[in-house]
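What follows is a set of structures to go through.
Same chain, two partners: chain A is paired with chain B first, then with chain C.
Moving on to the complex of A and B:
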C-alpha cells in the first residue's frame, strides 16, 4: 500500500471527535486531527497532555470510547496493532523493541504467521526496497545487539513500514540518539515524507519540531489547543513559531527564560555558576581507574581526573562508552580492576555502597525503574531503600512503618511528588515523579559527591528545567562534587564548570565550559586528543 | 500527570468491591474445584456428595478426625513457612522434600539414642538443631550455585531433593538400620519420649511450634529490615544491588532459612507422630504444600487456613480411600483442580481489569 491508495485530498488518517476516558482521567477529549500524505506532522504537548493515548489509538493498541478514525477515506476499526500494521500504519516507540540476539532479518520476520517457514529469501526483496527508501545501509545478517541505537531505530522504522507505507508514528525518536544520529534520522524522515508517507512525530523539543515539521499540533489536557498548518508555518520565523507554541502549550507566554531555554534546547547560559576554588586539593581524585566489563558492556580504561569541591563536572559522550561503569565505580556498585578512587583525601576504592553512602556519596541512576527503584514496592519503601536497617526507620532490625510513611509524606510534600499516596507502588508514577523520588532519597545538604546519570532523560519540560536548576545549584549540598553524565551536550553546557569527553571507555580530554567549548568537545568526540586541563 | 480525583464515597465503594473480589478470587476456585471434582467422581460411578460428606465427617466433624487433621498440619505448616521465606525472596526452593526427609532421618536415628541419656527437653532441642543444620547444609549447594554463578535454583534444588531422598534411604538401610526389625527402618522412639500431647487430645505441641513459625516468618518478612532486604532481592535484584545489599549472602541466608524450616518440619513429624522411619518412606509433603502457598499468595495467615483445609482433605481422603474405594490420590486431583481454577480466575480477572482500564 502506498501513497497511490490515498484518500481524498491526500489525507492518510483522519480522527474526528475521538474521546478516550480512563478512570478519573479524560485522556483525549473530542480530538479531531488530520494526517496527510507527504507531511511531517509534529504532536507537541506536556507529559499527560494525551499524546501517548492518541498514538496508541492510531496504532491500534487502544480503542476510542467515542469518535471515528478514517484511514484512506474509509472509516475503520483498529482493534489491534495488527490491524493498524495491515493498513500500513507503523509505530516506532521510544524504547527499542527488537530482540538483540537475532539478526536484522530475523527480527523483521517475527511478525509473520507461525506456520510459515522462516525463509530469508522471501523477505530480502522487501528489506532491500526499504533500505533504498530509507537510504540506509545495513547488513541484513548483522545481530541487532551489535548495532548502534540509531541503526536499531532504522530497523524499527523498517519493521513499522513492513506492511505498507501509509503512515509512520515516531514516539520521541530523538531521545536516545547522538547529534549525528538525530541528523541521520531527520534525513530518513524527510525521505519518507517525500515518498508520500504521513509521518506523525511526537516530541518534547520545540526546536526539533520547528526544523522537521510541516504541520504542528499542540495538545493540552486531552484537547487539541492549536495547530500550525503548512501554509502558516512556512511564513513564520523560528522565534514566532516557538512563541506561539509555548502560548498554546501553557496557555501563557510568560515562561521563565530557563524553562524556555530547556524547551528549545539552546540554553548556553553558564555564567550564573558559582566559581570554583581550585587552590586546595581536589575533593575527588580518580587515578588510573579500570574496570572489567561483561559482554556488550564498555569498561573503563585507565581513567584519571580530579574534581574540586563545589565543582560541577560534566561527562559527555555517546551512550555506551563507559559512562555507566564510571557512575557505578563512583557509587561503589562496581569493583575496579585497577587504580584508586580518593574522596576528600580518603581512599574509598574498596568501599561498597553503604560505606560510600556514609561518606556522602549519592548516585541518581539513569535507570529509574529497573535499577533505581523497586517497582512493586511503595513510594515509602523506595524512599528509604538505601537506609534499610538504619535508625530512625528501623530499630533493632524492626521496621517502624509509621516513621517510614511519615518520612515519605514529608518528602512527597518537599519534592512535590505527584502520587495518590505514599502507599502507591512506585511503578505507577510518571517518569518525572519517579525522578523526584530518587532525588528526595539521594539529595541532602551533607552530600559530598553526587552523581547524576542522564538526569533529564525522558522527562518533560518542567521536570527537565527543575532538574537542571537543581544541578546548577550544586545539587542542594554544600560544596559537594557534582558529576553530571549526559548524552545531551546542551545540558552539560548549561550546568557544568568543566566537561570531559568519554569515548570507548577512555577519557579523551577535559574542556573548560566557556564560549566555543562545543567545537572543542565535538573535536574530542570525533577522536582528537587535547591535553586535560587541570 | 493523571490526577486521580475521587470523592470519599466512591473510594469506600471501591474498597468494598476490592475486598469482595479478593474473597471471590479465593472462594470461586475452591467451589469450582469441588464441583468439577464431583463430576469426575460421578464419571467413575461414585456419589460425590457421599464422598465429600465422608471426607468432611472424617477429617473435620469427628473428634478423632479433627485431631488427626490438626496433627497433620504441623509438618505441612513448617514446610509452608520455609516456602514463604524462599518464594518471597524470589528463590524457588523446590527441594523441600529432600531437605525434609534428610532432617527427619537424622532425627529419627539420633532421638532414640539421645533419649536414653538426656532429659526430653534437651533431646528435642538437640534434635531441632540437628534437623536445621542438616537441611540447611543440604540447601547450600543450590544456594551457592545461584549466588555465585546465577545457576537456576529450580533445577538444582530439585535435583538435590532427589539425591536427598535417595541418601535418606541409604542411611536407613545401612548405618541407621535397626537390626531388631525385619524391614529396614530406624530404631523406634518410645511413645513416652515423643512430643507431649496437648490436654487429652492426640495433638502434640509441634502444631504450636508450627503456627508460631508461620506467623514469625510472616512478621519477619513484613516488619523487619531483613524481610525487606529479602523482598528486594526477590522483586528486583538490580535494585537490591543498587541499594548496596549483599545479594550472595542474602540468597544463602534465604535458602538456609527455607530449608531449615522444612527440616524442622521433618523433626516435628518424627518426634510427634512417626517415631521411626521405614526405608522408602517419602510423604512428599513439600510438593503438595507449594500450591497452597501460592493460593495464599505467600500470606502467612492465609497459609494456615489453606493448610488446615488441605489437612482435612488428606485425613478425610485417607479414610475415604479405605471405606469408599476412592484412592487417596484423589485429594491431589482436587488440589490440581484448585490450582487450575485459581489460574483461570486470575487470568479472567486481569483481563477484566485491563478491559476496564481501556
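Moving on to the complex of A and C:
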C-alpha cells in the first residue's frame, strides 16, 4: 500500500462492470462497487441476489466473465485465493474453514511456501501483532476443534489478515454467534476499520448493517440496485435506512409485516399465539435424556422438559450444541443412552421411526436434501417416502403409480409447491419448495408432535414468512406439540410460547416468551460459559 | 514342536519377516500419504504389480538392482499418474478408478510378462547386501536385520523421515488439511489439486518400489499376480495406523512375520500342512480388523473429490 492509493479515504478495491454467468443464471450483472480503506461496507440482498458470487470473485475463488477488478489503483487478475491473499485481501466464510485437528498456529501456517521452515516460533510475532490489533487473547497452541465458534472466527480473521491488512471480507459473520459474540465481533471489526482496513460485510439482517456499516450497497438479482454512501447514511435514522433499503431490495415498500420482521430482526408481537392450557398433564415429557456422541458431535446431557398440548416450544442455542441429537431423539432416529421420552403418557423411548410416526410424530429436518428427501427421485415419490409399501400407495407389494401421482398433485396444489410437474426430481426445486414438499409429507391434522429443525435455514424471505406463519398456526395440527429448533433468536421470538436454551448438550433454562425475553435468553446462552477473554 | 525356539527357526522367521515386510511397509507408507491427503487409493495392488514387473525387467536387462528399483518406482508413478488425472483432476470416483488400476495392473503385467518371457521364469542373481559393521555379527538378528540390501535400511529410514514430514513441515500440514477439510486449505491459498496430485504420485512411487523389491530382492523372479493381495494388506495397514508411520512399520513386519511363517516352520522341520500356515496372514488381517477396526481413524474428506465452491 503506497501513500498515493491508501489515504484514509483511499480506494482499496474497485470493481467495474463485473459480470458472472452460471448455466441458466446471471449471478452478477455489470456490478460496479468501490470499497475504501477505513470503511465498513455492508452488502445487503436476499438469497440468490449475487452477494456470495461477488465476494468469491474478490476472494479469487471464481473469475469474472467480464469486467475488471482494481486493487490499490492497479488492475489485477485474481485467479486463485492465493493471489487475493497476497494482495492483502482476506475472507472469512460463513462456515468455519479451519482444520479442527490442527492448532491455531498450524492453521495460520497453512499456505506458507513448503520450502520455508515450518517453525511455530517464526510465525509467533505476526500472531502477537494481530492479537494486539484485534485485541483478542488466544492460546496459539490450542487445538482449533476445541475453540468456541466465536474464537474460531477470530482465528479466521487473523488468517484473512495474515498476509496484509488491505481488505477483510466477512460473509454472514454473525449467523453462528451468540449475542455476546456478535458484540465482540462488532468491536473487532470497528477496530480494524479504524486501523485502515477496508471491511466488506455481507449480511441479510438490516439492523446489523445499520449498526455497523459506514456504507450500504444493496444487490438484487445480480444488480447493484442502490447505495447509501457514508455522507447520506450518517444523516439518516434507523427507520429511514430500513425503509429505504427495503424499497431497494424489493422495488416497493409494501412488504407484509412478517417479511419485514424477518429482514429487520424485530420480533412480532406474540399475542397472536393461541394460549396454552397447562392445567392438564404435559403431552411431551423428556426425563433425564442423554445420548452418546461420535467424535466431534455434541451429545445430550441429562435433558428434561415438559411441553403441553398446543404449545410451541423453541430451542435456542448456537449451532452444534446438541440440537441435532435432540431432534433425532424426538423423531426416533437416535437411541438414547439414558432417560425416557413420554408422548401423551405413553413411553416412546424405545420406538423407532415408523412406530413413532404411527403415534403422530413428524420431523421436518434441516438437512432437506440429505436426510429429508431423496434428491434424484421425483416429487411424487418423495411425498410418500415414509409410507413405502403401505396402502393405498402400494398393494400386495405392487406400486400404484396412479395413486402416488394423484396424491402428489393434490399435495402440490394444497401446499403451493412450485414445480414443473410431480415427476420432477426434487433436487431441482428451490430450497423453499423442497421445504414445502417436506411439510406436505409431514404435516397432517392428526400429528401429535411436530419437530422443526432450523425451519427457515437458507430460505428466501417469502418462504421464510410462510414457514413461520405455519408454525405459529400450530403446524396445521390440532393441539399438537410443536418443537422449533433454531439458531435464529428472532424466529423463536416470533413463533414460540416458551424458549429453552441449549448449550453443550444441556438445557440451560426455559424462558417464557414475553417482552425482554431476548436479554434473558442471551444471558443463558453466555452466562454459564467462561468468557472467552476479559 | 520342540524346534520352534531354535536359532534356526527364529533367524529364518525374522529374516522372512523383513523380506515380506518391506514391500508392505513401502506401499503402506505410500497409501498413508494419499489417505492423509484425502485420496483413497485402492489401486495399490496394480501399482505394486507394475512396479514388480518393470523393476524385474529393468534389473534383468540392465543387470543392476539399483536401475531396476528406479524403473519399478517410475512404473508405479506412471500408474499413479492415471489416477491423478482421473480422480484428482477429473473428480472421478476413487474406488472405481482404484479397482480399474488394480485389475489393469494385473492384466497388463501378466500380458507383458507373457510377451517378453513367454513361459520361462528367468531368475536374477543374488542381490548384494550391505552389512552393518558389528551389528551384522549378532546372532539371529544380525543376518535378519543388519545384513540386507540398502533399500531395506532406506525403507526404515523413510518411515522416520515421514514422521518428521507429517509433524514438522508445511507439506505435512498441507496433506492433513487436504484430507480433513480441503476447502480450508483452498481458502488458505494452497492448491488442493496440487497437494493431492503430489500425494498420489508419491504413493505410486512407493508402491512401485515395494513391488520392485518383491520381484527383485524378495523373489528374484517375476510371476503374474505375484503380489497376492499385498496391496490390500497395505491399505488395511494404512487405515489401522491412523496416520502414524511408525504403526505402519510395526504392522508391516508383523504381517511379514506371519507371511514367512511357512518357510520358517519348514526350515525348523515342524510338520504342519503348509495350507494351514499360509492362511495365517489372512486370518490375521481378519482378526486385526475385528479387534481394531473400530479405532481406525480416517480423514473426514477421504474419498471425496474436491470442487472449489461446492462446500
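As a convention for this text, the second predicted complex is superposed on the first by the 402 of 534 C-alpha atoms of A that agree within 3 Å, B and C clash if a C-alpha of one lies under 4 Å from a C-alpha of the other, contacts with A are read in each partner's own complex, and residues count from 1 in each chain.
Note that in this section a residue touches a chain if its C-beta (ideal position, glycine included) is under 8 Å from a C-beta of that chain, and two chains touch if they have at least 3 such contacts.
Keep in mind that what you see is a predicted model, and the values were worked out from it rather than measured.
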item	value
First, second, both or neither for A:80, with chain B first and chain C second	second
Chain B versus chain C as contact partner of A:187, first or second or both or neither	neither
First (chain B), second (chain C), both or neither touched by A:420	first
Contacts of A:401 with chain B and chain C, given as first, second, both or neither	first
Touching partner for A:371 - first (chain B), second (chain C), both, neither	first
Winner by number of chain A residues touched, once chain B and chain C are compared	B
Touching partner for A:353 - first (chain B), second (chain C), both, neither	first
Chain B versus chain C as contact partner of A:62, first or second or both or neither	both
Footprint overlap on chain A, where chain B in one structure and chain C in the other make contact	62
Touch list for chain A against partner chain B, complex	20-25, 27, 47-48, 62-63, 65, 332-333, 352-354, 357, 363, 365, 367, 370-377, 381, 385-386, 388-389, 394, 397-399, 401, 418, 420, 430, 432-433
Contacting residues of chain C [partner chain A, same complex]	168-174, 176-177, 180-181, 183-191, 308-309, 311
Residue ranges of chain B in contact with chain A within the complex	1-6, 222-229, 231-232, 235-236, 238-245, 356-358
Of all residues in chain A, those that touch chain C in their complex	56, 59, 61-62, 80-82, 84-86, 91, 93, 95, 97-102, 106-107, 109-114, 116, 118, 159
